[in-house]
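Okay, so chain A shows up in both of these, paired with chain B first and chain C after.
Then we have the complex of A and B:
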């Protein structure tokens, strides 16, 4: 049984009959242009918004039948606006991160272990005693991510989680996500494919509230609808332009990541 | 247009955030600001619009010392687009949101209409002028805040992460607007974590880290300093990384990369 089953999901006029299933441990990226319904879909997947048609079942049970504390322990959503997600009742980053696990009624030692681990994972140890509201945008984003990780969820939904982060912090989050234990399922939502290409094994293109293409990253990215909605990552765009200029050999696939580009551009250069 | 002389700033005396910051950005240039989270990038923008004043040293904007001015006085010259549109937008109609700035500047009714219409037109919001700002997508909201700034006809435009969360089409639109403003003589200073976006759009790059300005200069020169890029937690733009691989001179966009590549083969 899949971890999450979405069947004919609609929400108002925003989502229009989405059907998909997500397996346990999968690393999935849902990509789409601004206004395509990504954030609404994220909220429905996490059980934050009720479906107006269709349903979302987690572990075989519809979200509406899950008691809130069990749902919070099972799924965590990190939204786009970190400042809206801070509890507003804690005065230090450490307490903010401990807030969720504390509410699960876990033993104090377990709460403090999880908090220390999340602080470390997200590179926040040196900010543990700061007031979350005095942090920079990127530091706040890492704080809400740490708070989600401290809940040890089975499903982690990340809605444009690196947009506020500097390149090294963003690389750090990608590494962190790739190194999560294999039983944790990750759904990553973004407007651009560049970051997700580093870890996601499956892409879905969302357009006007519908899942248009679902499959391997390469299949999805070169679909005409994806090219129009999200465009190619820069290295693939460079290869496409090279092909137009007659510099790219026929039959050599366009690279998608910088790592792939290193190999294929070397090959092209040496004829 | 912007000049910092040995500027220092801190939110609390115990923790200095910026010190010994000196740089200048000439009129009509686009300068990007990069560096790790929490190194004072957004703070620097607030020092440029006088929302914050330096603790020591000085900041000159359009020839005005910000210590002797105020945000409202400087608003005749400087407009700011903050990081999170939702925290900036307050009106219930797009057109009202955009007309707020020009009204505060004391424009006449016709001047306001003209400024708002032009800003709406330049940001492609014509069909949405009567919508509620929060009914728009993230990109729509971002362009409302940009239009609000443009309607004030600034000589200096300050943008905090303007590219953040924008899809390919919206990015292209934003880049077109930046180019048009630059061509009209507007100076632009923007904070950004997207190295590809910086390379494509900025003339100069200021890199912050460890409480100071680590480096400033032409974008391709700054990105050529690998030790600095590493120290500041930045990355090379993909076009520059590919250019290095092909032993070509620095390329600031994919188009430039291909042009250099072609030229190298003839």
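Then we have the complex of A and C:
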């Protein structure tokens, strides 16, 4: 059974008949331009918003049948503005991370272990006693991510988590997500495929509230709808322009990542 | 933030004991005659001045109390009762009004002093942790502590809104009237942003199971003193007794 099943999901005029399923341990990227319905979809997937039509089931049960503590322990959503996701009632990074497990009424030793583990995993141990509101955007985003991971969720939904971060902070977050244990299912929603290409094995294009294309990254990114909505990653765009100028060998696939570009350029160089 | 690190006994006392002390002091304020309240006010001021941050405590207390005291004095001494005295041989005022304002100022000064002593020696996180550790409902403890949590957040935001509005040409250096007229330009965004923030923060809190259970686990709750539980019980009993006495005296 899939971990999450979405069947004919609609939400007002924003989402329109979305059907998809997400397997356990899958790394899925949902891409779409601004206003395509990504954030609303993320909230519906996490059970934060009720569907106006259709339904979302997690582990075979609709979200409405999940008691809040179990739902919070099963799914965590991280959004693009970390400052809005801090609890606002904790004064150190350590307490902020311990906030969620504390709400589950776990024993003190368990809360303490989960907090220490999340601090270590997200590279925040040296900031444990700082006030989360005084951290940089990247550090705050890692704090929010650590707080989500301390809940030990089966499904982690990340809604444009690096949109407001500089390249270095964004790199930290992407690396962290890439190295997450395989039992955590990750859904990454973004406007650009660049970061998702680092770890996602399946892409979905969301356009005007509908899932338009679903498949392997290359299949989705070169689909005409994707080209119109989100464009190609910069390296693929460069290769396409080279092909137009007759500089790209026939039959050689366009690279999507820097690693693929390096291999492709070596092939071009050696004929 | 009003809180300052305090090494004295008030700083070491458990937040809930201090909260009980505040309740007791407020009930005492309404039960005793005004000269006693005036003495207690002086006592609270002396206690405040003995804090590590005594001078700033006293400044804050006086700055908060002064406008209130002046208003009470003016309203009671000049307007509420028929004048039977001449101030400096010229200005008519009422003896009864003077007594009433002195009584009110003494009581308000004492209550304000005690509240400020509590706020200056109790970090909001210590209060929240103490409430959580005593299995008080997380929702109730949030309501109790949220005014303390919001002060800093709102002060920071108000500063950035002021800077943003000034770069757009809002003048705050002119007359008192122009500053008064500029208030909506500062207050409306502050309230709007606060409301917008509430929605996302409440979703984030729910997403992390806040209030899902009637109690929560806390790391490192503030340590209680050996005499703490007994002292709290005595203070709560005295509060009930004083409150009852005040009501009885009032109805009698």
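Operating definition for what follows: the second predicted complex is superposed on the first by the 266 of 271 C-alpha atoms of A that agree within 3 Å, B and C clash if a C-alpha of one lies under 4 Å from a C-alpha of the other, contacts with A are read in each partner's own complex, and residues count from 1 in each chain.
We adopt the following convention: a contact is a pair of C-beta atoms (placed from the backbone, for glycine too) under 8 Å apart; a residue touches a chain by one contact, two chains touch by 3 or more.
Being a predicted model, the structure only gives us computed values, none of them experimental.
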Practice task
Mind working out whether A:264 is in touch with chain B, chain C, both or neither, as first, second, both or neither?
Solution key: neither
Exercise for the section: Examine A:151 and indicate which partner it touches, taking first as chain B and second as chain C; both and neither are also allowed. Expected result: second
Exercise for the section: Have a look at where A:90 lands relative to chain B and chain C in the superposition and call it first, second, both or neither. Expected result: second
Practice task
Answer with first, second, both or neither: which of chain B and chain C does A:208 touch in the superposed model?
Solution key: neither
Exercise for the section: Have a look at where A:35 lands relative to chain B and chain C in the superposition and call it first, second, both or neither. Expected result: first
Handout entry: chain B versus chain C as contact partner of A:68, first or second or both or neither
Key = second
Exercise for the section: Please work out whether A:102 is in contact with chain B alone, chain C alone, both, or neither, and reply first, second, both or neither. Expected result: second
Problem - Partner chain(s) touched by A:81 [first = chain B, second = chain C, both, neither] - result: both
Completion exercise
Overlap of chain B and chain C contacts on chain A, residues 81, 84
Fill in the blank from the handout: chain A partner, complex, touching residues on chain C are 123-125, 128, 132, 138, 142, 145-146, 149, 153, 197, 200-201, 203-213, 215-219
Completion exercise
Note: in the complex, chain B contacts chain A through residues 11, 34-38, 41-42, 83-84, 86-87, 136-140, 161, 164-170, 193, 195-196, 233-235, 237-239, 241-242, 245-246, 254-255, 257-258, 261-262, 265
Practice task
Under the touch definition given earlier, write down the residues of chain A that touch chain B in their complex.
Solution key: 32-35, 80-81, 83-84, 134-139, 142, 160, 163-171, 191-192, 229-231, 233-235, 237-238, 241-242, 244-245, 247, 258, 261-262, 265-266, 269
Exercise for the section: Over in the complex, which chain A residues touch chain C? Could you list them? Expected result: 43, 46, 48, 67-69, 72-73, 76-77, 79, 81, 84-92, 94-95, 98-108, 111-112, 115, 133, 147, 151
